[in-house]
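Please see the structure below; I have some questions.
Going in written order, the chains are labelled A, B, C, D and E, and every chain counts its residues from 1.
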Amino acid sequence: MSIIDFEFAWRHFPEVLKGVPVTLLIAVISMILGIIFGLIIALCRIYKVPIVNRIVVVYVSFIRGVPMIVLLFVLFYGIPALFDLINKQLGWSLDADQISPVIYAMIAYTLNTAAYQSEIFRASINATHSGQMEAAYSVGMTTAQALRRIILPQALVLSLPNLGNTFIGLIKATSLAFAVKVIEIMGTAKIIANDGYKYLEMYLVAAVIYWMLCFVFEVLFAQLERKMRRYEARMDEGQSA
Amino acid sequence: TSSEKDGKKVVKVALSDEVNPPFLYTDENNNPIGYDMDYMKEIEKKLPEYKFEYLFGEEEANLVGVDTGKYTFAINWFFKNPERQKKFLFPEQEFGYSLTSLVTKKDRNDVKTLDDMVGKKFPPMAPSGGLRTILNSYNAQHPDHPLTLETIEHASNADNLKRVAEGKADAIFLNVTTFNEMQKQMKLNLKVSGIVSKEPIWVVFNKNETELAQKIDKATAELIGDGTLSKLSEKWFDVDFFKDLDYINQEGFKFE
Amino acid sequence: MIELKNIHKHFKTNHVLKGINLEVNKGDVLVIIGPSGSGKTTLLRCINYLERPDEGQISVDGFSVQGKHPSKHDILTLRRKTAMVFQHYNLFKNKTVLENVMEGLVVAKKMTKSEAKEISLALLEKVGLAEKVNDYPSQLSGGQQQRVGIARALALNPSVILFDEPTSALDPEMVGEVLAIIKQIASEGITMVIVTHEIDFARDAANRVVFMDDGVIVEQGHPQEVLVQPKHERLKQFLKRLVREPEYLI
Amino acid sequence: MMSSSFSDWLDLLMRVLNKLPLTLLMLGVSLFFSLIIGVIVAIVRVQKRPISYAIATFYLSFMRCTPLLVQLFLVYFGLPQLLLLVNIDINGWDRFVFVVIAFSLYTGAYLSEVIRSAYLAVGKDQLEAAYSVGMSYSQALLRIILPQAFLVALPDLGNNIIELLKDTSLAFTIGIIDIMGQVRIILGNNYGIGMFEIYFTISLVYWGTCIVIENMIGLLEKGLKKGRVSIAD
Amino acid sequence: MIELKNIHKHFKTNHVLKGINLEVNKGDVLVIIGPSGSGKTTLLRCINYLERPDEGQISVDGFSVQGKHPSKHDILTLRRKTAMVFQHYNLFKNKTVLENVMEGLVVAKKMTKSEAKEISLALLEKVGLAEKVNDYPSQLSGGQQQRVGIARALALNPSVILFDEPTSALDPEMVGEVLAIIKQIASEGITMVIVTHEIDFARDAANRVVFMDDGVIVEQGHPQEVLVQPKHERLKQFLKRLVREPEYLI
């Protein structure tokens, strides 16, 4: 059974590899911005900040509810339309074609991942013990100080596995950005595949590259977790009876 | 794939669910209809020893399925090239044609052939599909002055036509039938500025299905010979695309 | 130094504090005793607003706060005048022993790290934890954790320290040490409120004792009076077990 | 004009909604199996027994790190071929089965990390307490640890259920016409005309489903929260 | 009933138990005292294998387990012969007070719910928690939590009960109640090992006392001997604080 043309796959491997930087660029930037916004959203929800709480609840629901592809389209087709409108109304000369599709993708993925991450942080902050907050108050910390120095470091440890999930998911989700002209790993693979209908080969190439890429981050996250958890009485050591 | 049902050999036919009227699309109940299906009905009549099962799937998935033997063959407007022939079995006999054209604004006369598009702008195109293949092979043959192509996963023809009408792109490379259907609804300031080619379209078989491919080849040739396919062509496209291009240009399409 | 006026606290339908009035002078060591569930911890937590009283007024060191929803800033001011040793220690899980003690100094009192470290190390030495400064709370025995909690509160050097059963996990020896420390800092003019079940400790440490039962203060006064010549029936009964057969007295 | 385009739109909405039960069925069945897989993998990884740990970690890595589309292909095209080698023919199985297998394996991997982190957040003392009253590990797990972990994990579970909901649209790749598939067929039949209305419609359907999921999670959270204290109180 | 042979335990480089040998007879109430950090909790936890000794052998009620990696089944058998009251209570957070006590009966002892409920309610009544049966642990005071922990262990009616500072959060009155309960169940032949810092309690409850220091057993014997006429210098020093000025004696 030599359905798979390995030689072909191998020959085109480097070409697909060229999609990695774009993928990483979008994933890393969106992840970082997503963490920041996600954290802010989570705190607004936990502290039930009036009005803002309402708004972020709708935001999270909407962003999670709408398919990523739609979000991409809304930005990709909506911003040029908006620019046209502005140009017409105000006589400006904004040119949407000047904006790289990568920018649209980054905005879309940031909006998206922030919503998911807000839930991750909400879960992990809620899982920290209320006694920790009280202790911080008792030594005279403000809420912000207590969050920054005591609660969030503990919450971060709890969220690491989920952040890992999100980040790996994000790396793969960037393949959707092909829908707005960003040519990343999957896009490159599909373009190459078309000439000889070698989809099987090229999908495998893409899968291998994604795997290598994500594996690196899996290991990084695992190590980070091990390091950050060192203060805990672990439930996962020698407790199997 | 040699499973049998009611004493008949089962043939699994993959249909592209990125539908493509009037070749292949669906009715209200998502049943497949179109030129391709009518053609298959004629084939079924000719080959009663087989039982044909139709399965929808994304085009790329269908190709993987044919490749791995899950499907016997896939039908859509597949184009043939030597590289693909290495991987798949193409029959001898095409079952239809795709008429490709360049569409521009009505007031432009500078774009007739692909050569005219060198240095000009196309709207973004999908990486796969027959149209893309034609442009890719043009670029392969003209490495010194290639066409500039932008790629997007799922190109929206409607959106792309608008781009051309708004002057954001110079011309779109499109199937004439597609343009015609769309123009009926959209009524844009566009025209067909030139027919580029008449491309034969094929079904794509799994490498091992030589026997069936031969039978279908024979059947297709008969259907062309007795004019059945010409009639179907007229039913779906208002023109018999088995005739030559000049005839089609005169008879078939009265471009606005 | 501390003044509580008519403090009420409910948990849902459970009326836990029923109008507490209390005054504590500067440098006093006030010990609160009373049966389990009588509201001692709740009262202590109200003093620094970890629990918000439903009603009443709290003044610490001339600064007063009132009712259920004072401003954040008022609460912070109040809290910076007090420190607390928790019944369940509540050490910062993600910080080492040393960092636990330094944290308040660096963050709330804006000391330099080296200053904070010096003070912290000295205190940890005093409570016998010099060897454990770089361990995490999860690696400590119960008594060790409790001592870190005590050191953390002492380090802040606030006007008032609130102790919630600070010696419950300590052995007699260590109780002696803690008692010595408490006496020393009392002599420096720091006011202390201590909830404890150890009557011996109360007797040794306090210059005033309060007996609480079921959310009210039943009796208060000098330890001699309250512990040796109790007036109320409830208190007499509470102290009964302490009377033991002479053979066991050392 | 207005009313006719509205009724057109309503017609479109109905056609999409028609497929909602299928989408929900895929979601429900896949979620059920992926939860089971998730719990098992999480526990195996928490226990750190060399061989099973290595297998679970490899599974996790493969499932998380390769595109779902590829996995779907492997299950739908590859698995039957593989089984044919040992003379088992599953080519006749309904496509739904393959889709559910692929989605369950994929989401199970993600859920295992959600569950693992929640498990670790519960705290060793609870496990020890369970041991001290004579429970076995599995009893402790079922009665003490998992219920508490479940509460911690709810928001993250919500995230993943919603992701799964949207992932089910990949079923269209192998021809299962779910809500997204219906939309793409309508779009194809229209040559992509009216893309905005159509995507608007599908977004409404997804969002609506999502709100239902969110509310169910919210209710569960409220119901299970008894006896827990938040840092914000 | 219990036999420990040469138990060693390290935490990384910290040698916490240095070859403990101990025998406890059926119906004995053995009290372990010793300074904070001396390894009392660790020893107790080794008896039911919550902590795995690096070396040594543990027998409970004729059943022995050895070394660091015994079979799951052996550990479970061992644990079903013992119950434990934790220093930090470790109540099930997701269960009410009543469910906390019933849990072991229903799950490990396979009682019917109604049977388990009856036993549990009776015990909760005994420790004064009849009113709190439907509350969650987070809604309880420290002493109330501790009493739930005690009730949970007693309900199991095992061969051996291990208590880790069971009265640290209890007021004198309640200590008296618990003492009475312990004496009663000892008379029923249940063996008890109790770690405590309350020497009074040790004196009242124990028929044997063990003094641990720094991972070794320094002295053991009848409470009269060990607590009143200690032989070792270390123990004398440890008990020193208990000698107080006569004026305070009641």
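Convention: a contact is a pair of C-beta atoms (placed from the backbone, for glycine too) under 8 Å apart; a residue touches a chain by one contact, two chains touch by 3 or more.
Here is each chain with its UniProt name: A, D = Amino acid ABC transporter permease; C, E = Amino acid ABC transporter ATP-binding protein.
It should be emphasised that the depicted structure is a prediction, and the values quoted were computed from it without experimental measurement.
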Looking at C-alpha means, what's the farthest chain from subunit D? C
Work out the mean Cα position per chain and let me know which chain is farthest from subunit A. E
How many Å are there between the centre of subunit A and the centre of subunit E, using C-alpha atoms for each centre? 50
Which whole number of Å gives the spacing of the CA centres of subunit A and subunit B? 38
State, to the nearest whole Å, the distance from the C-alpha centre of subunit C to the C-alpha centre of subunit E. 27
Which integer distance in Å separates the CA centroid of subunit B from that of subunit E? 82
Could you check subunit B for residues that touch two or more other chains and list them? 60-61, 64, 68-69, 159
Two-or-more-chain contact residues of subunit E, please, as numbers and ranges. 72, 76, 88, 139
Contacts with 2+ other chains: residues of subunit D: 73, 81, 131, 136-137, 195, 228-229
Touching residues on subunit D, where the partner in the complex is subunit A: 45-49, 61-62, 64-70, 73, 81, 110, 113-114, 116-124, 127, 131, 136-137, 152-156, 158-160, 162-163, 166, 169, 180, 195-196, 199, 202-203, 206-211, 214, 228-233
Show me the residue ranges of subunit A that touch subunit D in the complex, using the header's touch definition. 1, 46-48, 61-62, 64-70, 73, 77, 116, 119-120, 122-130, 132-133, 151, 158-162, 164-166, 168-169, 172, 175, 186, 200, 203-204, 206-207, 210-211, 213-215, 218, 229, 232-237, 239-241
For subunit C, which residues are in contact with subunit A within the complex? 48, 50, 72, 76, 79-80, 82-84, 86, 88, 90-96, 103-104, 107-109, 136-138, 152-153, 156, 158
What does subunit A use to touch subunit B in their complex? 3, 5, 77, 97, 176, 178-181, 183, 187, 190-191, 193-200, 203
Can you tell me which positions in subunit E touch subunit C when the two form their complex? 11, 33-37, 41-42, 87-88, 128, 139-144, 147, 164-165, 168-176, 197-200, 203-204, 227-228, 237-244, 248-250
